[in-house]
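Chains: A, B, C, D, E and F, in written order; residue numbering restarts at 1 for each.
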């Protein structure tokens, strides 16, 4: 059956085989922003959005999505997530909410996609909860801020 | 049991009750962009990304995610989606891929979140497939371009 | 192919065929209770549970579970839910939280299971969020309070 | 926005847009077989498989999978299923179990994939429950036996 | 990036970070009851419920739900479950079915929620399968009977 | 609580308790075929199927389904999959596509069901994408070709 080790060589859409990698502590931090506009910004700040407490619901949505990252990112592995935490901060100068997510695992592969997915789904949830007020919100600047652990080592955005 | 029609009045985290709305044709178009950088841009253009054909995989991921929008956006309804289509276009001047998604339904509520989710998950999939080449990609400018149908009528971004 | 209309007659584990039923408005209300004990009761009331705002998280969990009822109740239909709303009320005399859920649809079959599932999962979420304080909480009295719509007509518990 | 009606013309991986189709009654019947071999055949017949009652578990697995067809078949629509029924019959001459599934809907698109998925997952479940006895079982002959309803009309295999 | 270790300090809805915990054997046993009433009790005992074999279907539903606990309990970890077993026993004196579920893992966190979820979903499935006979069934007394393993040690209800 | 180790002895539908097993490298390879017929065969070969690139979409569907095997095969464990790879080959003499899937894990239990599920769902996806051309395709010969690792040792079909 030796040829099976080459199964994907000419193929497309292949996962990375992580069988031989070791379980190590891995952390990833991602960030993103939802530009809300004046009206939405103040309504969130005053917790006056009709659908409910926007920041709490968005945080929960982000946590749940991170645990299911492997379901919607086709080539991601279904790893154990030892922690996901999200912080949502209102930024008055840009009338936006800044979303930071940190994902942690002890696994054979990293959690960059889990952190990025948490930010994205939290941002979409903010949009959903506020879209009756304004449809002009923009989700922007989603990127990996930092990662550590694994063979490829540490990474910090912009360094 | 008349008080149940007021069940959420003092509460938080409430869905919009769409029981009384009529089924009408609804369309939503969303857009977003992944800033790839030089190296990733050319590798996608030449279909040289090791994980496979990036644009096809991202398109499928977007279609599948749109159908499951109600699973990760907590207050979305589980509506029937009559069509989702995605277009991914490489834009050389910005070294980016522009993702457009159109969602359609015949339902009691709109498909804005489905279109935005399709764009977001397609963008995350592009990131995932190319992150071995560069981790500095940025997902940006996700917004609703257009919607039609439903009581609130037509909407076009910037108009 | 006429015999196929009798496909399940000698079988087991069969769904109810609702093809011929008409789409009508249907509502179901379910109720249940989590007996918290002194310590948990006061910590929830004062929003001092370490994992976060218990009642909001439980409400969201209930809404999301209701939309996925057909996934874990094997013979349930995958119907469109036009609204789910939950109310969680602290009851000092019994040191408990009372959970009421109302589910609505316009469909060929009822939403009793969706309302009961929303209550159950909200109750489990309360347990999860407070189990670091006490493991002796008991989930109790989950039942259908009321339903209307459909061929079998109205039902009220105890009448 | 007129160009959006042509969104996928040059693309790949596209769903069929069913927005304009009408809701009609649709039925599909699929069939398949698991060649069990002597030992597994008699153990199922005598309900002696250690994991439990094979035919009941397989039937439930098939029903549940049919309801989630749109989750794993990327370009399928998330339609309402009004009924799924499975019949599993032991066939002594071939030492096999024959699986028939009938799916029904009132929808804009057909249920062929739901019937075929029900058969496939029921067959996989039979394999799973019996694989401690024999790993040489073969799943075979999965095909659409019959469909009715929809614009393309009736179809019967072999006619 | 040191501040990220404090990411949730002022926040809400946070998971417990289990990154530093060790993988140990953990077991949890939960229990609950469905008060059936006379008619449903005897129909289940005689396997005369039209939807099929109630206890087998409920057992499978409980097993499947336990594996997906992390999907509907927002702050639960997605752990590997090494075993779930359910026992459903008819109790004639109370005309009820008593459901016991035992969950096991080798993991960084416990399986209390998995055992409680298995009981709850099995109970809901009993309700669903019998609700055509009676809608007055009540799900009651769901609690954690026993747990072992992990830093917090053993726990037995009532001790 | 000693009796709980015997919880399932008289029961049905039981998982295999793998708590005491050790994590070892495990590999499984499964195979299957879709008999396409003339017209479908040539349209796939020439990439002229209207729904898009059949082999790429089927490959992705197979990968995603393998990661969710435990969701639709009721008694499967939710294991970590370290790799899934699929190969789809057109075979002119039989006018068919042959699907091979290899699944790998480092776990307490094997990946036979994951490999078989990947083949089955890739086959169903081929059917779905081509059914507008012909409904007479047949999915056939799905079997386990090879497995290694675990207490039961190596297995090769036909040896």
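FYI, a contact is a pair of C-beta atoms (placed from the backbone, for glycine too) under 8 Å apart; a residue touches a chain by one contact, two chains touch by 3 or more.
What you see is a predicted model, and the numbers here were worked out from it, not measured in a lab.
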Please state, in steps, how far chain E lies from chain B along the shortest route of touching chains. 2
Chains shared as neighbours by chain B and chain D? C, F
Pair sharing more residue contacts (C-beta pairs) when D-F is set against A-C: D-F
Indicate the whole-number Å distance between the mean C-alpha point of chain A and the mean C-alpha point of chain D. 35
How many angstrom lie between the centres of chain C and chain D, each centre taken as the mean Cα position? 29
Please report how many Å separate the Cα centroid of chain A from that of chain B, as a whole number. 15
The positions of chain D in contact with two or more other chains are 11-16, 52-53, 56-57, 60, 64, 68, 71, 74-75, 80
What are all the touching pairs of chains? A-B, A-C, A-E, A-F, B-C, B-D, B-F, C-D, C-E, D-E, D-F, E-F
Help me check something: in the complex, which residues belonging to chain B touch chain D? 25, 27, 29, 56, 59-60, 63-64, 67-68, 80-87, 100, 102, 104-106, 146, 156
Which residues of chain C touch chain A once you look at their complex with the stated criterion? 52-53, 56-57, 60, 64
Parts of chain B lying in touch with chain C, wherever the complex brings them together: 1, 4, 7-8, 11-19, 70-71, 74-75, 77-80, 107-108
In their complex, what parts of chain C are in touch with chain E? 11-16, 32, 50-53, 56-57, 60-61, 64-65, 68, 71-76, 112-113, 116-117, 120-121, 123-125, 127-129, 131-132, 135-144, 147, 155, 157-158
